[in-house]
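Each chain gets a letter, A, B, C and D, in the order it is written, and its residues are counted from 1.
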């Protein structure tokens, strides 16, 4: 298992009660697998099934494999402007 | 004959050498007849054949009869902005 | 409110006059005097107007824009000498949302250019001057008048 | 240049930084905090961001806009508490002519709204608070979180 660290913001940070969570997953884990694991955490059930996941500031697609050394962040719908 | 007074601006004032000209025409004169008379004045030959003539701040069409008591003005192409 | 002004134009008071706490969008436009025109170096220019008609047409343009776009509109045009880099005209629109604000500003500046009796005399780097005629064929330099 | 700022936003320095004597048109947009949203009275709000990504995306948006529209673009977004009537975001574009200036500003504000990771928490007149979700069905008030 490999440790993945995920930044959380705004409403998602409130749902999971933290601005950063750590999750152990197989080293080959995809975005979809990380999101599934987040949704099984306490408070995670209210996360949408396809939230915006950023890896090093770029959006990753569901099937994309994650780099455990990259900066991962789960982003609620953008509300700037 | 009735006296019509016409305000001139910018390049048209320079062409006719004055910011105001007076012309005697029949009381029933139209915009086109006034413009013809202006174009026969010294310097008037360089006026276009259909310049913008305003009567009390609104454009008048060629065939429209003029009110000698109205404020008449001959306007070069607008160049504001 | 006067739509024509001989002093330098300022955006902030124009926007302030039309702002309200119900409005979420402010769009503005400034037309700036450039240092060149039709390939010639411009060193200065001055605007003149048929002032009473220009004021009346500006007022009419603002009324039409406010009715058409559900926005509040501010407009002011400079007269007299204007230096390179200074604003010749300012337009501002305040609306609940950005679409009407943008649309109003764009409509107003187009209307100002085509309907308000204002004229521009440019002075060129070679010492000549000319009245600018926006209806002249593009690329044709207006006939110079010795400066 | 920082695209995110905690102090009140000012339009003039933003425009000044991108101005040049060859440019004839300046278009700007300000998004202003309104006193209501989805039918509820808003008494205040605060913006937060995923700051390094937000800075990077803002820079990318400016680069894309400048390439696409032949304009110079300025952009700044407020973070933290913002009072009613204050600007949450400013966009400015300077170009030779007004078309590209307007188009650039409009494109940039649309891109900011859809691409920059910034979130808005509103406080309502009834004492509740909520994160604003622009993707929620129009007219549906976001679930309130007791304030």
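Basically, a residue touches a chain if its C-beta (ideal position, glycine included) is under 8 Å from a C-beta of that chain, and two chains touch if they have at least 3 such contacts.
Worth saying up front: this structure is predicted, and the values here are computed from it rather than measured.
Note on connectivity: the fewest chain-to-chain touch steps from chain A to chain C number 2.
Our note on geometry: chain B versus chain C, Cα centroid distance of 26 Å, whole angstroms. Once the centre of each chain is set as its mean CA position, chain B and chain D turn out to be 51 Å apart. Once the centre of each chain is set as its mean CA position, chain C and chain D turn out to be 26 Å apart.
Residue positions 31, 109 of chain D are each in touch with at least two other chains. Shown for chain B are the residues in touch with two or more other chains, of which there are none.
Interfaces, counted as pairs of touching chains, are A-D, B-C, C-D. Of all residues in chain C, those touching chain B in their complex are 31, 47-50, 52-54, 56-57, 77, 88-89, 109, 112-121, 131-135, 145.
Across the complex, chain C meets chain D through its residues 11-12, 19, 21-36, 84-85, 87, 96, 98, 101-102, 105-106, 109.
In the complex of the two chains, the chain B residues touching chain C come out as 7, 9-11, 14, 54, 57, 73, 75-81.
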